[in-house]
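Read through the structures below before going on.
What follows is chain A paired twice: with chain B in the first complex and chain C in the second.
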Partner chain A sequence: MSTFRQAAATADVAWRSRAADQVLDSRRRRRYRVSTFVMVLVVLVVWSVQVTIIDDTDWERMGSLQSVLAAAGEFLAVDWALFPSLAGPAVETLMIACLGTLLGVVICVPAAWFGALNITPYKPVTYPLARLMMTLSRSIHEIVWALFFVAVVGLGPLAGIFAIAVRSVGFIAKMSAEAIEDIDHGPVEAIRAVGGNGFQVMLYAILPQVLPQVLGVIIFEWEINIRRSAILGLVGAGGLGLVFFRQLNTFNFAGVTAVIIAILALILLGEVLSYFARKAVI
Partner chain B sequence: MAGSAGRATALQWRRFRFPQSLIGHGAWIAVLAFLAFSVDHLEIPLERIPDMLGRMWQVLASRYYPPDLAYILDRDYLDYVVETIQMAYLGALFGLLLSVLLGWFGSFNMTPSRRFVYPVARLFTMGFRAVHEMIWAILFVSILGFGMLPGVLALTFFCAGFAGKLFAEEIEAIDMGPVEAMRAAGANLFQTVVFGVFPQVRVAFTGISIYTWDVAFRAATVVGFVGAGGMGWYLKRAVLQIETERVAAIILSIVALVIVSEIVSAYARDRVMRMK
Partner chain C sequence: MPILEVRELRARYTSSGPEILKGVSFEVEADDFFAIIGPSGAGKSTLIRCINRLVEPTAGSIHFYGTDVTTLPGRQLRILRRDIGMIFQEFNLINRMSVMDNVLSGRLGYTGNVRTLFRAFPRADIERALELLQRVGLQDHVDKRADELSGGQRQRVGIARALMQGPRLMLLDEPTSALDPKISREVMGLIKTMAEEFGVPCLCNIHDVRLAMEFCNKIIGLQDGVKMFDGPTGEMDQAKLDQIYAMEVL
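Take a look at the complex of A and B:
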């Protein structure tokens, strides 16, 4: 550092020494900024650990490390006898995911249409409306959506289907709207030039261009929806989640593990199916 | 003449030939049949759905409106909000630390051993991802008891799976030139990762980390529902007491917080990307 400054001084050029000062200053400022940032992070970590882990945990109830390991060990056994009775709920979970995705796609059509800047019907109103729909859909967790729909339509798969549909609108509509914004405008103008109306433009010029991309997004979301529908039973929407909760409430931990294995198998099946579906689409 | 006309109609162009077209249409018909069968199997009352949609507004207007805003501006509730943020922060931090390792070991080009470490890391990443964060929360609550520690651990596992996969993909996409140069110069495994890989993925990792924090916060607002601390516990209590106006207020507060965190994370990611 000082050799740098000496060199600048011996060169005896005023602007060069000034430039060196500036470089050193900016480096020093950068170092201060980084170290302040790191300090803030560390303080936040310490504070959070103090509040969430040390103060809030009921250490007496948890007991020694051995008792924790014993409690965890109860989940290691698998209740194989439960599997035959899991087939029905597993199929139900898959069906809730499929129908939820389908309904979500239906709701997505207007959301993507309004939310794409280049085709939105009336920009000051419809564009913010669609964006609001997408944000609301994505920001509320599926459990909360399911609670709401259980209150409205009652217990059962329908509440789960609605919850999953509404929850998946945000992502599918956002990706579709972005795909629509990126289309090539040639076909749109060609259809307009031969006298096509707005509906025909959408059907023949826009849809064919975005279809592969949108189908890919739908398949991706369907895969996630299987994961989501497997837990909606917690709030009364049926399927594997209901069995899971029942096993947990009767303290049959081996049964809980069995349900988790069934969920994993279902997700694996979904991943295999989505692999083939994606290959067929693209 | 007639023959050539017949041939012209016979030469119609088709996108798919016989076997593919059959498979394609068959798959569509199978999907539709499955969907129709599911509607039947789940006993969905289709004729009552329009009625239900009408009732939805009625329920919203009569029971969930007006939201009990005084309830969420209460000191206790705000404390819980802060705790939720802290839980998300810690969970995301621990998860990210774990996922850096998972991403390194689970990337095909940089893994220390393709035979043994790579499959194990991939398996762990997949397992963390496949199990929903609520199930992690339930498992940890039943092992460790109520409180925020199970919530932090559930979020840790969730974030490790979420970010681990993205990190691994990012590492697999790097330019191998610097890595090979480091190897040729005699650097060991650790030095290659720190000086060959890390500078290339630094910006992407920062972006992914910010996004992971955002997602973790969204999950943290509800893990309390099964007893893992945070605002979810308030939500569950209000739901069980059928205090619908409070439920509405809590949901509103969750939406507001998530939107704020989304704006902050979008701004931070934008800044990071521009620093590149």
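Take a look at the complex of A and C:
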């Protein structure tokens, strides 16, 4: 009896020792893995800092810390005298946003119609077409769209309007199409039952159901479009961005700050207006 | 001479799916108020939706005043639908529009796209809508939005919309299922009175057998897409009802 117990105890000790070895082993291996990973990460960071910052920065032009702070300090001044001449471009920016959104909404009508699975006229063709329009619109940056339209229609606000319109289609059409897919089918059935045609079904049974949601999306997009149109001038598509670009090019940093303040004011105005507009819709 | 003749009507929603209607035939006379009863899933809704082709039948024929409904192309189908009023279980009103606009929507089949866009209905339509609203007891709610009304009131709008078409047949799809028993009786009474007054035959899906026996002069019993009974209300008895609803007991 006691010998059996002794044997059992010995076996226990042996098992414990083996198990401990295993635990320590796996921890060691884990430590190796983590340290290898950290080392690779450090090498990558050092390499990218070397390539992008150390090699590619013009250190001589940057000069001392003092001159860096001095350069930043130049932006603290505000060229108040510039403000009267900003009114025109600010209004232009607002107009680019408004007209661009409006044109975008017009393009959205077929896009949302084709892109809603429940009403798309011919699913194998029109649905992918609409989805392609939406994806294309959203995946290309507004600056890139603006560059494209500047090349096509030339410098000026018209290019900006087109860029804003095309860039807006993706979001508005996608949200509208989803709203259409979620409608209650009952009214559609009712209008068809009285002998209504497709146009009447859309006007009476679909539009009233999605209108509040769609208006909300349009107002939201309009607000974003004010931000977008404020920078489109950087590539020559009109508005405040153009003044910004000009001030920067002439090293009038106080003027740049003035334009930034004007842009901020415009965006704030947009947010206030969109807040009230959205409240009125809902 | 029956105004509606349904012959061997079959319907399925997908080519591989189950057959919902398995060869149903019946006839409706000019002064009939037909009840279609049967357990859930028997095909009652599908049957009446085949008549104005909200659902496309797969086989069989439907003759409405001598015209075969099943073969009509788009525009003629819409002209046919103008003659068939429909009242729905869930009312199917345009919630964000006024009671008046909802009733006027019954005239859309007669209204061009431009008039529709501006909601420019002729004065005669508006006067008729007002008259119907008075008849269904909603003269004080003309400008209210449809979603402000109670269930019973909404179905009254539904009745006015259907009658606004000047229909020659009315399809009623469970018109009282969403209403409480007292309002159900009132609404059925109103439909019956109006149908008699305007001389419109009715075809009414209904699962409340007592309402069916009370208001309808003929009954069709449907079970699993097959007609089990067709005859005057007087000939319906408990044994036949048990047979029609046998599936539910099991």
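Details
The working rule: the second predicted complex is superposed on the first by the 218 of 282 C-alpha atoms of A that agree within 3 Å, B and C clash if a C-alpha of one lies under 4 Å from a C-alpha of the other, contacts with A are read in each partner's own complex, and residues count from 1 in each chain.
In the analysis below, a contact is a pair of C-beta atoms (placed from the backbone, for glycine too) under 8 Å apart; a residue touches a chain by one contact, two chains touch by 3 or more.
Keep in mind that what you see is a predicted model, and the values were worked out from it rather than measured.
Of the two partner chains, chain C is the only one that A:192 touches; chain B does not reach it. Of the two partners chain B and chain C, more chain A residues are in touch with B. Looking at the shared chain after the overlay, A:44 reaches chain B, while chain C stays out of its contact range. In the superposed model, A:92 lies in contact with chain B only, and not with chain C. When the two structures are aligned on the shared chain, A:53 is found in touch with chain B, with no touch to chain C.
When both complexes are overlaid on chain A, the residue A:76 reaches neither chain B nor chain C. Contacts of A:244 after superposition: chain B is touched, whereas chain C is not reached. In the superposition on chain A, A:205 makes contact with chain C only, while chain B stays out of contact range. By the touch criterion defined above, A:65 reaches neither chain B nor chain C. In the three-chain superposition model, chain A touches chain B and chain C at no common residue.
Contact residues of chain C toward chain A in the complex are 52, 54, 78-82, 84-86, 88, 90-97, 105-111, 113, 116-117, 161, 165, 171. Contacts from chain A toward chain B in the complex involve residues 44-45, 47-49, 51-53, 56-58, 61-62, 68, 71-72, 75, 91-92, 95-96, 98-99, 102, 135-136, 139-141, 143-144, 147-148, 151-153, 156-158, 161, 227-228, 230-231, 234, 238, 244, 248, 253, 256, 260, 263-264, 267-268, 280.
The residues of chain B lying in touch with chain A in their complex are 24, 27, 34-35, 38-39, 41-45, 52, 55-56, 59, 63, 83, 86-87, 89-90, 93, 127, 130-132, 134-135, 138-139, 142-149, 151-152, 218-219, 221-222, 225-226, 229, 235, 239, 244, 247, 251, 254-255, 258-259, 262. Within the complex formed with chain C, the residues of chain A that make contact are 186-187, 189-197, 199-200, 203-205, 208-209, 211.
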